[in-house]
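Before anything else, here is the set of structures, which you'll find just below.
Next come two complexes built around chain A: one with chain B, the other with chain C.
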Partner chain A sequence: MLTCTGCSLLCEDIEAIIEDNKIKGTKNACRRGAARIKGCANRLVPSIDQKPSDVESSIKKAAELLRNAKSPMIFGFDNSSCEAQVQGIQFAQKIHAVIDDTSSFCQGLLMEIILQKKLKTCSLDDIRNKADVLVYWGSDAQDSHPRHLSRFSYFPRGESRQRGYEEDRLAIAIDVRESNTAKICKKHFYRINPKGDREFILALMEALSGKAPVNDAKNMLELAGVLKKAQFGAIFVGIGLMYSIKNDFEILTKLANMLPKFSIMPMVGHYNMRGLNEALFKETGYVNRVKFDEKGVQDNKYALIEALKNKSIDALVVVGSDPVLSLPRSVLSHLSSIPVICIDPCQTFTSKISSVNIPCAATGVESAGSAVRMDGKVITLKKIIENNYRSDEDVIKQLMGAI
Partner chain B sequence: MLTVIEIYQLLPKTNCKICGDSTCMAFAVSLLGRRKKLVECTPILEENFKKQKEKLDSLLLPSAGASETGMIVHPELCTGCGNCVVACPVDVANDPHGAGMGCAPTNDRVIFKVVEGKVIASNVQECRRFGKNKVLCYACIDPCPTGAIEFA
Partner chain C sequence: MGIDIGKFLKNPEFDILITTYRDIFQVEALETDRFGEEYKKLSAVITMSKNDLKKMEFKSGDHVKLSNTYGSVIVEVKESKKNEPGGVAFMVNSPWSNCLISDETEGKGIPEFKHIKAKISLSKEQITQITEIIFHK
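Then we have the complex of A and B:
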């Protein structure tokens, strides 16, 4: 049995078929997880200025680049173990760097509110055992977290939901397109216009308070009726809703206050994004984009996108992430003028433009550790393959020592 | 999904009874139920029915590899989400604390399993569509949004 690191569900029931210290096949993992466990086709090789090198000299060169940097940034750690994340935070404190991750343009704000306990949340096991109304809002769980519906939310039988999806549960999808999740929800799919979430929330709040909304009154009153009757509900907030309501979270908290029986679950993408958010929150009170100097500071200008736009960083360490793939081209131009250090098990678009590449072990297969599931539960990751790759935790430790 | 009428329209419609069935419509039903093969209709093998035979062959081809219950799994469409594993009533009855609760199956009596990220069906004799007392169960098709499972 091993834990899959394909998404933030961290499925612990995966069987791997190992032959000659290599993974030949998997059982129970979804297609995404199976591909992830089998590993990448192109391993990252140590290099300096895109010329092959060895790990030791790469680390030395990276240390030299970071020593000369006045305002470095460490980005990533969403695909690293919790132990590596703690090392990363210590590293950022030591070199007075900014630390940020993909949550600054993903679920970070929602995570901050949840960690501040301003929104009610619950565990995925609670959802399996008790939930009767499930709302997928701006999230396509079926594609982003393939086993979400079958393992935790809609299909399984739970303690208080013995008849499962057939009679005991109801799934609702609110999205701009008919996603695969919406196809499962069938007639309980509410299509909204792009960026129409705010309008939908306002109409839903009217319907919940007993007034008939101006648009689509029949459907809205029907939805409000279903939500009101729920004994234990869950709203799975996806990036679609996050981007649509931007930073105005008051509207979401207002809606949550009108639905006291509902818990909010952020649909975290990378498998250990919540881990870094929690570790940073514990250390500084902020979940991401923290600048370490005398005291931790959090401001929008320290986020990766803003830092690249304002050209306010002079070195970037990328750990287990690929900003070149996920960010628009217009903000990436600054990367060509600063040294980029890439620590990753696989070749990525970022590694192709990096000054220094340091390969590391794939956590959950080649190195052990722990990770935080999307609901906050800590899950153990096992090592099942022996090889010479160092874990990202060790690489960061060594880099810290070299500086 | 293929219908009896679609098959019937392509048959010779002469009711010659060579195949052993009383009418071409009855033969179409037998073909769809995979009780008979197209070659049992000798008139369609003649030259003037060549185009219709080719069409029928292509229509019947997908169901050729179907199991006894008529189940066809399209691995290229499957995402390995496991919805069918958990939704199948036989899996729930045979493995209530594994597949029934959304976890990995704990025994071999389940019908669906996810291997290499794709679902495979085994134990077809357990399927509710198998045998004399079969029922028209849709429990594995309904939760599959990609249409990876169908019954011929």
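Then we have the complex of A and C:
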């Protein structure tokens, strides 16, 4: 059995079909997971200034670039093992760098509140065994976390939910589009306008208080009635909701306070984003956007997007991430004027503009370690293919040594 | 042969609100080969309701130019298979949709990935290549 690193569900029931030391196929994995495990078509090769090199020379060059940097940033680690993440944090401490990751423009805000224990949460196993009302809010789990409904929430039998979705569970989708998850929820799909989540929450809070909201009173009172009757509820917060209420995030806490039977679960994207958030939180009290001088300090100006806009970094190390893919093109111009060092198993859009590329093993297939599932459970990642790729943890260690 | 006057006329432009979403097939293509044709085919697309397509006189398969203050991109337009009421168009989250994202964040580091205001017009240009996006300065 193999653990899938396709998303933060970290499914542990994957079988890999191996021929000639290569993965030819998988069983039980979703499309995304199967593709991740089989690996990318274009492996990263070591390079300096986009010219082929070797790993040792690339690490040496990266160390030279970082020695000359006055305000470097280390970004990523959401697709790395916990062990590599710890190395990454130590690396940032050593070179007095900023460290940030994709959670900075994704689930970080929610994760920090959850780790501060300001919101009630639970495990995915609790949800499978006990949950009767499931709310997918701004989250199309069927496409982003394809086995979420089948392994943990709507479809499985649980200790207290023997009859699963047929009788014991009810799924609700709140979204701007009729997603594949919304289709499963059928009449319990509530369509909202883009950025209409705050208005929806306010109306729902009115309905929960027993008042008739001004808009859509019938539907809101019906939804409030369903939520009030829940014995064990879960709200799965997707980035649709996150982005919509980012300027008034407290409103989610206010809603959660009115729903004491509900737990909040962030629909974390990358497989070990929560791992980095937890490791950084343990070290500094913050989940991302941290600069290390004497100690770790968090500030919005240390978010990658702000740092690129303000041109406040003079070197960027990217580990297991592809900011050129995921960031607005309007903020990318600064990347062409600073050295970028890319550490990844695969060629990425970022590796195409990097000064130095250092290939590493695909964690969970070519190197072992651990990762933190979206609910906080630590899951073991195995090595099932032997080859010469070094783990990203080892690459970071060597880079630290070279500096 | 007469002069093709049509090519001198500017195609009508419409205001459009776009939101982004995830698609399992596109993510699968990303994992396999983000430089491949399949990833481009599944990413460089805008999906609209039947009513909106009719109103703007587009048909599935047309190329359209999406543009705003932050950039522009050529993608294929498709009719939504879902029962969408219209007024909002959809793009899978990708470098193509990211061409149109504002850099305005109010200093908070989170752009408006899911609330994109743009102009849309029919185009005869080819779909924007990923290299044009990566190496754009």
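Operating definition for what follows: the second predicted complex is superposed on the first by the 402 of 403 C-alpha atoms of A that agree within 3 Å, B and C clash if a C-alpha of one lies under 4 Å from a C-alpha of the other, contacts with A are read in each partner's own complex, and residues count from 1 in each chain.
The definition used in the following text is that contacts are C-beta pairs under 8 Å (C-beta built on N, C-alpha and C of every residue); 3 or more make two chains touch, one makes a residue touch a chain.
Model, not experiment: these values are computed from the prediction.
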Query raised in the report: Is A:143 contacted by the first partner chain B, the second partner chain C, both or neither?
Result: both
Report task. Answer with first, second, both or neither: which of chain B and chain C does A:241 touch in the superposed model? Result -> neither
Query raised in the report: Given the superposition on chain A, which partner contacts more residues in chain A: chain B or chain C?
Result: C
**Report entry** Touching partner for A:13 - first (chain B), second (chain C), both, neither
**Finding:** first
Report task. State whether A:342 touches chain B only (first), chain C only (second), both chains, or neither. Result -> neither
Query raised in the report: Now for A:31: first (chain B), second (chain C), both, or neither, which partner does it touch?
Result: both
Report task. For A:289, decide between first (touching chain B), second (touching chain C), both and neither. Result -> second
**Report entry** Set of chain A residues, in rising order, touched by both chain B and chain C
**Finding:** 30-32, 34-35, 142-143, 146
**Report entry** List of chain A residues in touch with chain B within their complex
**Finding:** 13-15, 25-35, 128, 142-143, 146-147, 149-152, 155-158, 164-165, 180-181, 183-184
Query - chain A-facing residues of chain B, complex - result: 78-83, 85-87, 92, 96, 100-105, 113-118, 143, 145-146
**Report entry** Partner chain C, residues of chain A touching it in the complex
**Finding:** 6, 30-32, 34-36, 38, 40-42, 104-105, 109, 140, 142-144, 146, 176-179, 191, 193-195, 239-240, 243-244, 246-247, 289, 300-301, 303-306, 309, 322, 324-333, 336, 347-349, 352-353
Report summary line: Per the touch rule, the chain C residues reaching chain A in their complex are 17, 19, 21-25, 27-29, 31-36, 70-71, 82-85, 88, 90, 93-95, 98-99, 101-103, 105-115, 130, 133-137
